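Questions regarding the structure given below will be posed in turn.
A, B, C and D label the chains in the order they appear, each numbered from 1.
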Amino acid sequence: MYTEKVMDHFQHPRNVGEIENASGVGTVGNAKCGDIMRIYLDIDENQVIRDCKFKTFGCGAAIATSSMATELVKGKNIQDALEVTNKAVMEALDGLPPVKVHCSLLAEEAIHAALWDYAEKHDIKIEGLEKPKNDISEDEEDEDEY
Amino acid sequence: MYTEKVMDHFQHPRNVGEIENASGVGTVGNAKCGDIMRIYLDIDENQVIRDCKFKTFGCGAAIATSSMATELVKGKNIQDALEVTNKAVMEALDGLPPVKVHCSLLAEEAIHAALWDYAEKHDIKIEGLEKPKNDISEDEEDEDEY
Amino acid sequence: MNKLIYLDNAATTKTAQEVVDAMLPYYTEQFGNPSSIYGIGAANKDVITKNRDIIAGSLGAKTNEIYFTAGGSEADNWALKATAEAYEKKGNHIITSKIEHHAILHSCQYLESKGFEVTYLDVDENGVVDIEELKASIRPTTILISIMFANNEIGTIQPIKEIGAIAHEHEILFHTDAVQAFAQVPINVDEYHIDMLSSSAHKLNGPKGIGFLYIRTGVKIRSFVHGGAQERKRRAGTENVPGIVGYGTAVARAMRTMEKRTAKEVELRDYLIERIENEIPYCRLNGHRTLRLPNNVNFSFQFVEGESMLINLDLKGICASSGSACTSGSLDPSHVLLAIGLPHEIAHGSLRLTLSEEITKEDLDYVVDQLKEIVALIRSMSPLYEDFLKKNK
Amino acid sequence: MNKLIYLDNAATTKTAQEVVDAMLPYYTEQFGNPSSIYGIGAANKDVITKNRDIIAGSLGAKTNEIYFTAGGSEADNWALKATAEAYEKKGNHIITSKIEHHAILHSCQYLESKGFEVTYLDVDENGVVDIEELKASIRPTTILISIMFANNEIGTIQPIKEIGAIAHEHEILFHTDAVQAFAQVPINVDEYHIDMLSSSAHKLNGPKGIGFLYIRTGVKIRSFVHGGAQERKRRAGTENVPGIVGYGTAVARAMRTMEKRTAKEVELRDYLIERIENEIPYCRLNGHRTLRLPNNVNFSFQFVEGESMLINLDLKGICASSGSACTSGSLDPSHVLLAIGLPHEIAHGSLRLTLSEEITKEDLDYVVDQLKEIVALIRSMSPLYEDFLKKNK
């Protein structure tokens, strides 16, 4: 059901771990729905993401999207990192099954949450960043069962 | 679905045909239900059935029961012939499928009808013989479908 | 008798070897549940889609408009009962015909017991539904028209395109029981304005126990079998993977061979009809002479009862049926033959011979020769024939 | 990875070679319609009876009390919906449990939408229905009690004998979904006062797409699929002869091997449970420790999500499931695990391993070794585990 790229990032997740004294940390999702993502950012004085780590409780897609999202934002400045949308993550993974699209939304949201945390801690405002919801609702496509 | 005996009487029916100037003829059943039996009796002066023939429009069981019934009554006196019940015919055929039991009733009835005809023509009364219905209702066992 | 001439392909068909071969791996090797996550399970999801796709393609439908069922009967029940339920706010009237299969008729009777109203259209002496009568029976409350594509007993093909157009024009759902017609005649659900269509695999050299209901996107039909999320949550139950593979394989095969196969069958069919009409007196061809399934021949023989004809044919190695196999538990003559106006006693003497690609002209010659003798033999024992001869002396 | 360790026998089983061999002749040789009159058709009627007989015998039932369906889901739907309809004059109340299969639960929801009232009994932390609660929920209008024999996820076996006795005493019909229990534990319909029982062949090394509903003589349940006169006019559709033969063969086989097979499975099951409990921290056995299907093991692992565990196991050649295969389309954790009181996040981390006669101790040793590593790996990536460790430092 998963693409090769997803399986690669699931089996060999990039950037797993924690960053001590991270510039920003964001945790989104909830255990009730079975997905929690936490992203750590290490941002240098030029607002460039020097390092990025994640911890994720969730399905294969949740782990793969976390891994890919960290890869995509690493090395970017915070403004460019904001452009890493869930669509970008999905495309980089060659797609996700419809029921798993919410995982990519979660990954986008986790980065935003970490950036928000960074902004709050450093008392700056990041253009275009809104306060993240910490609960991502799951827009499951549902058929008309009886 | 049929026993060997039934198949034997179906493939090699005994006593098929007509008897010219028969002592008694009986026709029962109706084409609507798909079964008509006609029995010809040749009865001698001692009230013994000298010969017996049949013609039947009907299923395998109808033909086999006609054949067997004629065999059973041939040579009997009319009183004994009355004792040839549908059960006797069925037993002699080693049984019939439940949906075909009505054929054996038809055979019994056909003999009774021929005897009745004989009695009427000769203006005698046969002990225990009632005027036959000429339509045998079919008591199909029916499940509660709808 | 060693040779067997199987002429009851409308009752069921031999499963093609190619079909069985395709099914086998799914019993003992790739046997996993398609809802599973691991390889031998999840791979079956794609296998199902591939076969669904083959079937959809053969009808001009979309892949996800094909829903697998346990057979034609379930598909018919589903189409009628679940549509009735889903659209009962719109109306309670259904139109069908008098010559439908019992899966339709008995479902209609069930719906009548629930307060629905059903119009059973008459057919003419050839078994064709009257389009004008259909139009006249449409009411504001009509929610469904269900007319079979081709009849299982007499082979008559209905004017489905016109019926579809009428239904479409009146915005009434149109279901067709195509159990006999699918893969015998070309069908396109869009061209014919078909909203739902039933089929059963064992009628086209596929396995028994699997069928499908085509449901056009947008039709708000409910589930009939509730439970797991299979078939896009519309039909619960662990998927019959070998059955689905067999079905897809059978459809691909039937579509591939359709043109050649049916052309040959039509030729043989007409040859058989001609010989019987020429050589056996007091017979009547049932069903339409040309608007007819390529493989269907149905005759009534006066003064002859069907079952004894069938047993005699069986003794000669010929498999045939009298009316529909499904109704042979009953003593009544077929409702289809009565609907085309046959008297009871003639309806009782009907014989259905349904060909397959394996049948040859030589087979049919043998059948006609045997049939002539058998009909003569049965007539010689028939009191009806005796009366007829005496009257006409 | 070449070796495959299949531990998802509750989802479906491999069809036994013996079963496939028994089915094969009925596809291409004795393929006739059982309703036909000629040899290759009519003989199948006896074949069906023979297999019906085998199944009836295994339950202490009469031959004609077994009605074939397309599977467990159809049997469940039939039992509930048709009983509700047939007995609605008597009452409109049904009692079931919160841990039934969706085929039961969704049928109940459907019936609720039609005006029936349904009581869903709670279960205790081991998944056992409370007999006192059952008694207390009986009303004068209660027409049916439907409680599954054994649960498909956690393997808990219900006190069916007591439930049957209570139903019997109150003259309420008793249906049990025995899809998981049949041929795993001895069942006698008279001893247990069972009026209806559902089963599905593919759970016991039979083919997919065939099941049965046992209906005690006298129960006035209507048809669910209307049409032809098959199954004593109670379930229409050309009989799935190969499926029925496969089913009968599978049941004969399962009954023959039951005692030895389940004794071995219980031993292996308990070995597996013990090793997991001893070697993997923060886990919980789901389901009753002894009132449990011989082949079922179900654990929740804290801080672990089920799907990633399954994929990792699959990568090691181990087929397992997390909750029920049928519900894996959903993101919600299993209703069964919630009903036994697990919090959502723990329910998400559940793993079901269901054994078969082919599984060896060596297989399970391999599984535990892999599982230990996988759980450790997933935990090392889990923010929940991180928080837990920090809190407990």
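Just so we're on the same page, a contact is a pair of C-beta atoms (placed from the backbone, for glycine too) under 8 Å apart; a residue touches a chain by one contact, two chains touch by 3 or more.
Nothing here was measured: the structure is a model prediction, and the numbers come from that model.
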item: Shortest chain-hopping distance from subunit B out to subunit C; value: 1
item: Taking each chain's C-alpha mean as its centre, the one farthest from subunit C; value: A
item: Whole-Å separation of chain centres (CA-atom averages), subunit A against subunit B; value: 89
item: Rounded Å distance between subunit A and subunit C, as computed from the means of their C-alpha atoms; value: 55
item: Whole-Å separation of chain centres (CA-atom averages), subunit C against subunit D; value: 34
item: Of all residues in subunit B, the ones touching two or more other chains; value: 145-146
item: Overlap residues in subunit D, where contacts from two or more other chains coincide; value: 37, 106, 109-110, 223, 226, 229, 233, 307, 311, 329
item: Residue ranges of subunit D in contact with subunit A within the complex; value: 106, 109-110, 113, 303-308, 311, 315, 329, 331, 333, 343-345, 348, 380-386
item: Subunit B to subunit D touching residues, read off their complex; value: 1, 143-146
item: Residues of subunit B defined as touching subunit C within the complex; value: 10-11, 13, 16, 18, 27, 31-38, 55-60, 62-63, 99, 102, 138, 140, 145-146
item: Contact set on subunit D toward subunit B in their complex; value: 37, 42, 45, 220, 222-223, 226, 229, 232-234
item: Residue ranges of subunit D in contact with subunit C within the complex; value: 4, 6, 8, 11-17, 19-20, 24, 27-28, 31-33, 35-41, 69-74, 76-77, 101-104, 106-107, 109-110, 200, 202, 207-210, 223-230, 233, 236-243, 307, 310-311, 313-314, 318-322, 324-330
